[in-house]
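Two complexes are shown next, each including chain A; its partner changes from chain B in the first to chain C in the second.
And then the complex of A and B:
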């Protein structure tokens, strides 16, 4: 049973490689398109048969398309809870889709760039993830998939655009988002301000782990709130521009910490390093926090250099379903914390420094 | 000015070597004798001239005695505050004596076993420190000095014994104490119970750093409360017996932690190790706490083996006056914390372990 979960956990994700601009701070860029099929009742009021029929059409289209031959199609109900958990942690499916039910599924490409959610809130959610600040490129990738699947005939109104289950997605059906790491702005307690500034121009800042500006690990998702009244390119450009601005703000905050509070920053970073390299039990929240501080330390030259890909990979590898998927048998909460600790110790082993005064 | 302080900080202390029985848990044994000279008014009501005259007699006796030729005699008022601070941290003088004044002094032997306090609360306080549980031996050493100095003719009453300024010291004038490290009993919150048990049989348990059972670094002093009504040998035997009992209790508590809470103990110990080896700023309280946990970890085989002498030496080297004495110039509180951190990192460098899973 664990085999499938482990296979998914071990499959690649393009963004993890740390490619793309500003990839130390912008971990990933995502473009998601919400689409529905004209000939089918929308999922929220569709019958079981309707759901299955719709899924069947979508699956056939994907499987018959030569350019999508690298996609694997999953039926959620055929996946055990562990495999679904791993998919959620990799953002390949949403917690809502993970609940399963008739006709619910997903299709994932073998490079870990695209996932197509089937019969979640809408018939189709096409999402493309890339590393760094690459929203324009992610939009091109999503658009390609979109152009293939539009053979299925989308529910579309020439005046308002694509029709969706929730009015907030109507129009372009596009949500552009970046996953951004803001440890220095968090230390300086500036994230609340950043979030309200973003709110005023129609963007949302949300913690990746936990809520609002109190996100564990200083990881945030910045995305557009509305999808209507602007073109796809305008939306992409807006989120991209704000993301680039946040990168500059975070860099300035790091420079400020380095110049004005260097000793405190060094202490925080080295303590995080010491705990990551030596602890024997660690909960996810503390692990995210320490990884965040150590990553900032490494990127600012205070700690040994560790590649972005190592930091990115850890964000998934230390999560519950990923750990369980790779274990021989079900781990107790204590075993989970001790295994997480072991993963962290091993991750930093190759970048070992004694911490001696030079 | 710093030269004298540094010289004292660098001078040996026999107990630091970690010799003697149970020296992992009983850091040192001390016997202290309170004595006064029959021909002189007791210090609390003596005039300046009286104090100076008394000190002069004591000093001449020490300096004229061949068997005490290794002693260095200090006049407190001639020592700068830093040197006095170092002496307090080494327990060579009391904070009360450190205040100085006419005729106040101390004499210290070159092996760091004996210090003779002059004109503190009593004319003479003879103290002998040895490593491990060696109260009988410390008593013999103190007795030898006592027999030399009794040429000065002590204030003595054949019915009640030696006369002292404070009634609690009357009789034998003897206080036997051990400095004991009880981290496992502290973790298990048993120190309060231990202290009240000791109280019932006339012994006092006091934190070495801080008060009562909340001592930083789990270091306690166990000593006899009364000095009257029992012979010196009986008092020594009693404190010795209780100290040996506490060693067994602490050992049992460590065994219990190892068998019942091993994972928690390992985590605590390795975290302490990681922080000691990597932090950049550390206050004294946290340092004492982490040194205590790491020492227990090392002694129970969870952490790399570190000799007792390293742990013992650190207890002085990380303290304020010792750090200042060895600095080139006065350190700010921030510099003090960062220097302390550096001392700790260097101390554990030679015992380096990567913390990798084996």
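And then the complex of A and C:
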């Protein structure tokens, strides 16, 4: 029964491989396009039959397209809760799509770059994920899929653009976002300021895990608010530009910590390393915090060098559904925490010797 | 009021579901509402949200006030979309359109709402290849010219400049198409 969940947990995600950004500060870039089919009522108002008919058309278009032959189409209702949980943790589906229902599904490519959400808030949500700061490239990937699926005839108005369920997505239907790791700015309590600066220029900053500037693991998502009135390239350039600026701010904050609070930083980083390396029971929140501190320690040269891909992979592997999917049977909360500790000990084991020698 | 499905828990979710001429009112507890949405019996509105915000607050949460929009035709007169059954009152509450026919129906002019959300009302992004054939573009052109005249009359030069750019862009695309 776990085989599907495990298979999904073990499948590749391009962004995890750590390509694209040498700093390790921007983990991933995502471009999402919201589209609806002219011939169908929007999902939240559609009958069961309509949902199924719409899904059928989208599915057969995907399956008949030679350039999309590497895609796997999933029906949400056919997936067990664990497999859905794994997909949520991998951002392949949203929590609201995971609830399932008639005609709800997703199509995922075999490299873990594109997922096409079917009958979520809109008929189609085409999303492309790449590692590092590569929004322009992600846009080109999403647009390729878009140009294939537009054969289905989109709901489009020549003045206001692509028509969406929520007026907040009208126009381009485009949301460009980066996942960004800001531990030094968090330590210096600058994230609130950064978020309000971004808000003033039309970008949203929110925590990946938890709310606001208090996000566990100092991981944030920066995205555009408006979708209408600018071209896709303009919207993307704005998010890219701000993201690059945030990388510089984070690096400056790290330099400041290294020059002004070096012993404090070293102590924090090595404590985090020690706990990750030797703990026997660790909850998700603590694990995210420690991984974040240790990652910053590693990237600033305080701790042994660990590749970006290892850090990225851990962000998936220590989450609940991923751990459950790889377990032989259902884990109790205590077993979950002890398994998580085991995953962390094992991940850092190979790097530990280097640490002692250096 | 008790939930009409399980009869035991308190009804927290009140939904008026309208399809064509049929109107059905549901008074449900949260669990039953979720279950029925899953079965596709009622529309799936995100049940993660606190119930207050789900019925009334969806837009204020986005920082957008829908009061005064969607009823620009006749004050408070009920307009129902004949295709998806959504009426302007429900649109105001949910902040969601039901189908592509709702757009012209609920707004004589979508401009003010879109300007409030996006600071703009004109799409400048990519277009489906089917959408901008000879038929739709001249009409588009005409209405943009009308908007431009209006903006200039109102001395809204910022907006006039955007519209002028758009007219120019469409002009170029048409020339390129030959």
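Going forward, the second predicted complex is superposed on the first by the 350 of 358 C-alpha atoms of A that agree within 3 Å, B and C clash if a C-alpha of one lies under 4 Å from a C-alpha of the other, contacts with A are read in each partner's own complex, and residues count from 1 in each chain.
Just so it is clear, a contact is a pair of C-beta atoms (placed from the backbone, for glycine too) under 8 Å apart; a residue touches a chain by one contact, two chains touch by 3 or more.
Since we're looking at a predicted model, the values are computed, not measured.
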Does chain A have more residues touched by chain B or by chain C?
C
Examine A:273 and indicate which partner it touches, taking first as chain B and second as chain C; both and neither are also allowed.
first
Tell me the contact category for A:60 with respect to chain B and chain C: first, second, both or neither.
neither
Per the contact definition in the header, classify A:264: touching chain B only (first), chain C only (second), both, or neither.
first
For A:338, decide between first (touching chain B), second (touching chain C), both and neither.
first
Go through the superposed model and pick first if A:143 touches only chain B, second if only chain C, both, or neither.
second
Which residues, counting only chain C, touch chain A once they are in their complex?
19, 34, 37-40, 43-46, 48, 62, 64, 83-86, 94-100, 103, 110, 113-114, 117-132, 136-137, 139-140, 143-144, 162
Can you list the chain B residues touching chain A in their complex?
263-264, 266-267, 270-271, 273-281, 334, 338, 341-342, 345-346, 349, 352, 354-357
Residues on chain A engaged by chain C in the complex (per definition of touch)
36, 38, 40-48, 51, 95-96, 99-102, 143, 146-147, 150, 153-168, 170-172, 174, 202, 226-232, 234
